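Across the two complexes that follow, chain A remains constant while its partner is chain B and subsequently chain C.
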Partner chain A sequence: MLRVRNLKAAYGKIEALHGISFHAERGEIVTLIGANGAGKSTTLKALMRLTPPESASVTAGDMEFDGISILNMDAHRVVSDLKMTLVPEGRHIFGNLTVTENLQLAAWSRKKSNVDEDIRHIFDIFPRLAERAKQRSDTLSGGEQQMLAVGRALMTQCSVLLLDEPSMGLAPLIMYDMFRTLKKLNADGLTIIVVEQNARLALQVADRGYVLDTGEIIAEGSADELLKKPEIMAAYLGA
Partner chain B sequence: MDVFLQQCVNALQWGSFYALIALGYTLVYGVLRLINFAHGDIFMVGAYIAFFVSTMFLSPEGMFGLSRETTLALTIPLTMILTSLVGVSLERIAYRPLMRKGAHRLYVVITALMCGLILENGNLALLGASRKTLPVLLEKNIHDFGGIAVTNLKLWVILAAVLVFFFLHFIVTQTRMGMAMRAVSWDRFALPLMGIPLDSVVVFTFILGSGVAGLGGMLFAMSYPVLEPYMGAMTGWKAFIAAVVGGIGDIRGAFAGGFLLAFVEIMVAAFLPSTFRDLFAFSILLLILWLRPTGIFGKPLTTKI
Partner chain C sequence: MRRYTLNVVFCLAAVALVALAQAGALDKYVLTIITFIGINCIFAVSLNLVNGYMGEFSCGHAGFMCVGAYVGSLLSVAFFTNSNLFGAALFPPQWAPFLFPVVLLGASLAAALFGLIVALPSFHTRDDYLAIITIAANYIIISIVENIDAIGGPRGFSGMKKTVNAMSDVADLPWMLIWTIFGFFVCVMTIYRLMTSTYGKGISAVCQNEVAAEIMGVNTNRVKIMAFMISSGLAGLAGALYAHVYGYVNAQAFNILKSTEGLVMVYLGGMGSISGVLMAAVAFTLLVEWLRFVIPWLNEVSHAAGLLPAGYEISQIWKWVIIPLILILLMQFRPEGFLGNRELTQVFPRLKRWITFK
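Moving on to the complex of A and B:
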């Protein structure tokens, strides 16, 4: 469904991705793992068609969604037409809006008839958000903000969800909760591409994984295979 | 006491002009973090558009030859629409391409300054140095409130500013577009991820800001009917300072700042030599900023990890 071929991307003159290729199929959880600066976030932002000054510019290669190149698409079209969106690193919730307003705003490009129903559905997934519905979202804890960021992304009615470091800054229990929820959403049909530094955690929920190192993919395989490779374990899984 | 109350009415009228301009600064700043220094000149353009539109409709030799009332009723919306078009064009031609190329905000601000100068001098080149006079669109009536004389025009100006305030407040707090405007002011990066085209929000903001400035320009020209190309420069600067003192990015701040500045100016001029006016006015504003660097309604931005 999603196919990236020889993608190169650069921040000005500095190339961050040196021609990476990977793919994701519907219903999968795919993870990109690697150290800081490996190009994981750049890859997700490129998929979302975020351009400078927000991200790197794509200099070569192609990205296809269901066989159609998305290189010339605007970011908001990726969301509205392809039904793919990103939960960015650092969450980027709208702190001056209430929790409910954050969710309402994310329904911008979709059918409006069942927005309230969908908000109730998000509150079922994350009951903590229901308790905070009327609160300004910058008063939420880090874990609650991450729930809101995911809930807000789901409000776009996306079928493909990209997540950038969803575990960052979360307490272990909340982190496991979040990944359990992602696994559940995936079981309901959501395709997930997740970037993680916490490689072990990511590989435990993912079907397949790619290992990025300084802008190149140096290993790929099923999650189980990657977890068993000693050199990957040593370099990226801290084992 | 009567003198004081009389001056209060004048201050409310001047405050209305400042507020109507300050709003445009504050809206655009909220959405783009850009100080649109051409905005004072958009106010001037509004006054000229009102001049051309009303003259065209009113002139007995012209093809319309309408009555004053009809002309006024038509000039208000047309001035607002045409002025917004000028504001939107500036965004499209000057600011957007620069921002697309990732230019530092400083360059965009300088570009805005240049756009203002281009509007002033373009006007000078096209229309010449002779001053234009707006035709009378509203029969002057003086109401007497217990010894305080208030013209009907003054009342309309103040009423217009108040209505605009409530209208914009409604847009920003109650509508989807307003919600998006508030969202961008907090986090520009995440907006497209919600499927929202940033450009639409920006264009809408310029339409609101410029339309309101156009209305301000028209009301100003009705109150002081002599038009000249530089009329927006000083007034625009003052309105910008008013927006900052009120807390730029907050529409309540634009109003508070606008009325505060007008109040100080008018009172200094009324009770002290008028040459002291700007010196005192800006010293007081400086003091306010010294005490509250983010302005009266401004809040420092904080992020939570």
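Moving on to the complex of A and C:
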């Protein structure tokens, strides 16, 4: 469904991706793992069609969604038409709005019917958010903010969810909770592409994985295969 | 019922004001000051949309007021008066009270269009760069106007008094006060309705975090340009009113000093607070008028006390030292302004018993 071919992207003159190819099918969890500066976040931002200076500009290659190139699409169209959205690194929630207002705002690009129903659904997934519903979101803890960021993304009625380092800055227990929730959402039909530094955790929930190193994919395979390769485990997964 | 309190209070106040003016209880000077307060309110509240709610920094708001003032004046002269410029009046002068809204609308649309022209290239930039571009736009419009001799060039343009007189001939009412109140209502309602709508939430989202807004499906470019156009259009409305109250316009009245006045009012009131900015606009206009009396008084007192050399007089120019000084002191001691980004009802929750606002 989502197919990236020989993608090159650069920040100004500095090339961050040297031609990577990968794909994701509906209902899969695919993970991109690798060290700092490997180009994982750059890949996600390029998929979201974010523009410079926030993101690198694509210089070569192609990205296809259901067979149609998305290179000339704007970010807001990716959200509204393709139903694909991003949970960015560092959450980027709207700090001056309450939890509920954050969720309401995320319904911007979709039909406005069922918004309240969907908010209740988000509160079912993340009961902690229900307790904080009327609270300004910049007063939430890191874990709650991450829940809100995921909940907000789900409010766009996305069918493909891109996550950039969802485990960053979370306590281990909350981190496991988050991944369990992602697994559950996936079982309900959500396609997930997750970028992680915590490779072991990501591979435990993912179907397939790609290992990135300085802008190139150096290994790919099913999650189980990757977990078993000793040289990859040693070099990138810290085992 | 609470929903309408504000509207009812506003209508009563407006009627009372017009009635007082009509009865002659307000002298001409007081009436003019009240009208200018109204115009400054429109000017400041519209600037607040860009600088407060959207979090951008527009420094040349007076440029849009200038466009509105000139387009409004030209339309008004072409419509209702016999002039050398346009020849015979397009409509009989008796129609003036009814067609004046068209003049205001035309002025607003022209200013909004100019806003679009400025916004299209400049919204690829942000912060300081946008500030510089808007200052440049302010100077561009002044230079353009000053170099068109047909509309008076640097001498300015007049003839709008005839339109106002034509309105008074139809019915003897304080017309410009009425139109200013009308403009004030249109401006405040537009911004209030906009900011409480979904579109307004998009504007706050852009202000907070542009990336996050984009990945929520907000077309940030369109939202920004729309907000900028609405803001400049309302500034144009203020300009058209200003031109008709004075009966004379000059491009230099809309230079960077006027833009600075707008910034002072917005930051004094609190960014992103309609009630705060309205309070600030009233306070600021009154302060500037008050300085008109205080400066000569200071001059006399300091001369009497022998503090100043005999040849030196404190002139009204000192106003332009005091106004920027207010801005500097404000940034130093109360950067959030009167109300911060809260409305009056949020600062005094008890007000909610009577009115709902936001």
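Convention: the second predicted complex is superposed on the first by the 239 of 239 C-alpha atoms of A that agree within 3 Å, B and C clash if a C-alpha of one lies under 4 Å from a C-alpha of the other, contacts with A are read in each partner's own complex, and residues count from 1 in each chain.
The rule we apply is simple: a residue touches a chain if its C-beta (ideal position, glycine included) is under 8 Å from a C-beta of that chain, and two chains touch if they have at least 3 such contacts.
Note that this is a predicted model, so its numbers are computed, not measured.
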| item | value |
| --- | --- |
| Clash or fit (per the criteria above) of chain B with chain C on chain A | clash |
| Partner chain in contact with A:R180 - chain B first, chain C second, else both or neither | neither |
| Which superposed partner A:P52 touches (first chain B, second chain C, both, neither) | first |
| Touching partner for A:Q104 - first (chain B), second (chain C), both, neither | both |
| Partner chain in contact with A:G142 - chain B first, chain C second, else both or neither | first |
| Contacts of A:R26 with chain B and chain C, given as first, second, both or neither | neither |
| Offending stretch of chain C which, after superposing on A, collides with chain B (from 5-13, 23-31 or 347-355) | 23-31 |
| Intersection of chain A interface sets (partners chain B, chain C) | 48, 50, 54, 74-76, 79-80, 85-86, 88, 92-97, 101, 104-106, 108-110, 152-153, 156 |
| Partner chain C, residues of chain A touching it in the complex | 48, 50, 54, 74-76, 79-80, 85-86, 88, 92-97, 101, 104-106, 108-110, 112, 152-153, 156 |
| Contact set on chain A toward chain B in their complex | 48, 50, 52-54, 74-76, 79-80, 85-86, 88, 90, 92-97, 101, 104-106, 108-110, 138, 142, 145, 152-153, 156, 169 |
| Contact footprint of chain A on chain C as seen in their complex | 198, 201-202, 204-205, 208-212, 214-220, 341 |
| Residues on chain B engaged by chain A in the complex (per definition of touch) | 101-102, 176, 179-180, 182-183, 185-187, 189-198, 302-305 |
